[in-house]
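Presented sequentially are two complexes of subunit A, the first with subunit B as partner and the second with subunit C.
So, the complex of A and B:
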């Protein structure tokens, strides 16, 4: 138990320190015949439909959520493809008109002596979105079959995806600032390309997909195999 | 096994992330109650948090309105000059289908943070004054929480930094007063989020609070 805990005591706590790390110490709300509201935390009997405090639907496990996760995931992925094919920025200077895709723009930056910024853009626009597709798919698959990855690690993966997904919007904001600011009549102008719309949609749908995932299922899948797993 | 739980529901707290059930003991102000199983913070009370949140929220509302009006950035190159406000940069995508993106950007960096601050003020003011909750307070707080991931002012600031580096060799950039206001409000938005204990707010919105 961590030191700062002073409040809740696990209902099933037996005082057996040996059990640390396994599920034996914890009684889930479902086993007690109650369900917690995922929005406001109020506890209700299992048969409750709607939380009287906040109006949220009460479900012990949102199994149907997996369908929503996959549907939103797929839409996000379908938007991500054109986001990388079409130009993100259209730069017009006196000499030329240049169109840059997400990756092309980052490569350009790296060549012009701003490798740090190029790395930020590549992280936010390529690495994070791709990693998110993988992690969400992995989590959705892992709750339906046995997984070699421990529940703590999967919970951590889920939290990281939920936290970091929003940061992919950086590139959209960069495009917004550049296209409004760089409007210097004949001299130079920057305009957004069609990829910006697809990219924004991709970020939004993957955020919704991650939000639709019911993380309580991660811990359920684990409860069924108490014997083998020995994580500390 | 009986169908009814032995402990009344109001004496329980359930982790929303992993479903572990605990008997509810509210920690003293300044201490947190953390889920032992998954590490989720369940309760995070703070002394006078309500008043602090309201003060921060009012400041942020003023800063957002001011930052939207004053010049944000301006550039100069070869005699040509352009100055924009935050609203201008949000509405940059204004041709054709990109208009949807313009509205979305404006919402993510200005209107969602603004709405969340005003909802927080609406919900918390009666609580701090020891009055019964405002009409529709539960609905208001529900919206405030639903909008939480969509408040992206802090991400916009990083976007600004990247954009500035990108155009330094193209033109000369000046930071307007709105830029500094926006930087300040981002810090306050993050602070407001950190000091608010969701459990305490929901609990005080209950007709029959658990404690």
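So, the complex of A and C:
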């Protein structure tokens, strides 16, 4: 078997197009002794350190990827806690100062007859960030352990997380716009609360965490498992 | 395939943790470090929690209500909960670390809420922002304390309002409104805090603060009083409402003043009393003066009642103290005799002397001894005219004998005295009353009663009662005379007599007798004016009258009456004598002669003469009118006559009268007197002849003219009566005054007198008088008819003509009657005022005087009658 894979083998030779989207066995570039540049896509032999075309570091598998994922994930989670405890908005009117946390504000909106907006805020500020934490954690764990979820679905999850992560900043966006627009001096003023900073940090770190994840490891797990299945 | 490199055994080299670990782990570590750092910092920077309990938690909101100190937030309420027994609200406050050390046991907390009152609006900012908790503590670091009792209201002393804290206590009449301003000259210089009622409710006390710049106004002699509410007074200048300010009107307030100098500083917590008003506060200086009083002794030589304990001691009208005790003092050694002297101990307030330097008894004593050396003396003075109370005045006496105030330790200094100045009003009034009391009113009344008693006895006398009988007999005799032939001839004689009368009148006119009469009457008028003046001497007059009345009482009137009676008897017998009977014949003859004379007279323009005579008579009447003006003076003279009468030996006079009457009696009884009628008879025969001539003339026309004149006279009289109502009014008022004389006894006497008079009139003899009169008149009528038939008609005509003229004259004189009436009214006016001027006793004396005057007149008449009879006995028969 090891002899068979010696020498360059065109990708996809070991499978056919019909196998796409299935868990069919594919030959990885690493198995073929090459590694692709993640920036410009040029394929180099495994030994190559630096992409001669774009200067990017050629790494077949980033072994420290998971560490980065976990570290950034942890920071993101740490920031997410005060982001929900501290008030997001500080609304000062003539009579009083009102401070709303993210959830509190959404609940208040729902109570005042705006459930739609409340749902949007809840989705953007609570559900999505929390889902991101879970998905990233799941992906990171599933790379090293078995998972019932198919490799394709995991890949899909990763892509969704990475795509949708930026939209979580919409909350911060709203706060920034309100703060800049509603400044009526004595009458009323809206200022961002301390939670907005933490929330922004949390979003940033979860995005970085998602980016730090090397999705190629999903597939290593597949090949690795098949190897163990063969060994048995 | 063998040259192929050996399969690479992928042995995973165990690297160390740090070799395998990515640098990215620094990020969460850093984040953790930052978080921990922030947490640590916030933990260390936050202050302690304190718990403040309030009665209610109105407006206190969790995490929002701030704790402020000097209006700066130094904490926030972290929690609001109830105390364990739900009785209080507990506010858990997170203190700022910077102020935490200062919050110790002295701290106080209260909730600032919006408040709208008459004095303004406070805490307005809390309307929008909500309440906040204000904290106050001093600037000294103390031991931390976690539990506090919140106050319901803002404490009196807080930041920016430092000042002198004193305690105020209400007095008996004073009141106090808590949480009200303290004003000085209308400016708020302090504030009264919450008042509390003392145990037993006797007074209320409250803390008060005088703000810093004004605390120098307070001294130990400062007095506070209440200025709340308003005063309303109605006086001569109208109604006045007075109140200090609107705020004090609604919310109450206090003000204060320092009435006396001295004092010095006041320590915080000093107690002051609150009085009802300024006057009470001012007077209170003596009630509870902080300064000890200076005691001095004053010893007065006079021992006058009226000086009481607490009587004021004044210097220049300013009250400087009071009399502490009053006692008698006997000190033979010091004064040299055993007389009781008045010793008073004075308590002099040094504060009231206005001493600047040392407000102490010693200072006051030094001041007073200086003044005594300059002549300051104590004296008693009237404090009140009504009560007769006395006070002690300290006055400067010029040229005072030098006196040195001896100041010995332990001995009360003695103030020198001077002449007292006491006005004794009661003594003067008492003297007046005593003199009034001494007037002999009762004796006067008694004399009057006695006099009336005598009058009654006189009237009731049998002799007096028999007078009418004698009169009747006398009239019967006269009737007999008249019916005699001779009398019928009288008209003739009358005619001649009239001519004689005319000449006589002419002579009178020539002699200006009338003018003399006028003068005499003028003198009488002056005498009338003098009566008013004479009233002043009434008391003495009354006394005289008393004695006169007594003398009159003693007069042997009954005997006089008896004499008169016998005189009448004698006359009776005289008339009844034959000669008297023959008298008519003589008279007839005389009248005949008279007629002849008249005839001659008529021929010789005698009528003109008569006219002139009547004019003279009219003038005489005028003179009489004017003479009435002189009546008051006349009355005065009568007074003097009465006075003289008093001195007259009346009994003696009466005796003489009696003797005179006896003489007259004898005279009448003489033969010459009896021969008189014969002469008269002759005269009357002449008159008769004259009348017969008169008859012959055209008498009817003359009668007509005479009647016309009479009518005019009647007119004049009626005209004169017009003024009668007014006169009657006067009389009525006089009567009213007389009515006011409540002398029941006198009235009783009068009524008995009247009764006597009644009995007199009702006697058989009196009733027979009319019959006799009628008889006499019948005789006259017969005489007249005979006259008409006789030849006297002509003469009568002439006579009637004269009478007509005479009537004319009367008419003219009657014209003057109104003025006469006016004069009489004036006289009555005067009499009225005179009566009004008298008191009741004097009115009585007036009556007595009138009576005496009548008696005097009667005596005069008697005298003249006797004299005339003596001189001309025939007048008794002729009636002239």
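Convention: the second predicted complex is superposed on the first by the 201 of 232 C-alpha atoms of A that agree within 3 Å, B and C clash if a C-alpha of one lies under 4 Å from a C-alpha of the other, contacts with A are read in each partner's own complex, and residues count from 1 in each chain.
As a convention for this text, a contact is a pair of C-beta atoms (placed from the backbone, for glycine too) under 8 Å apart; a residue touches a chain by one contact, two chains touch by 3 or more.
Here the structure is a predicted model, which is why all the values come from computation and not from measurement.
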Requested in this report: Please name the chain, subunit B or subunit C, that touches the greater number of residues in subunit A.
Outcome: B
**Report entry** Residues of subunit A contacting subunit B in one complex and subunit C in the other
**Finding:** 2, 6
Query raised in the report: What residues on subunit C touch subunit A, complex-wise?
Result: 1, 4, 7, 20-22, 24-25, 27-28, 31-32, 35, 64, 128-130
Report summary line: subunit A partner, complex, touching residues on subunit B are 3-5, 7, 9-10, 12-28, 31-39, 42-43, 73-75, 77-78, 80-82, 84, 88-93, 97-98, 100-101, 104-105, 108-109, 138-139, 141-142, 145, 149, 152, 155-156, 158-160, 162-163, 165-167, 169-171, 173, 198-199, 202, 205-206
**Report entry** subunit C-touching residues of subunit A, taken from the complex the two chains share
**Finding:** 2-3, 6, 64, 67-68, 71-72, 74-75, 78-79, 82, 94-97, 205, 212
Report summary line: So, in the complex, the side of subunit A touching subunit B is made of residues 1-2, 4-12, 25-45, 53-56, 60, 109, 112, 114, 117, 120-121, 151-152, 155, 162, 166-167, 169-185, 187-188, 192, 194, 196-197, 200, 207, 211, 215-216, 218-220
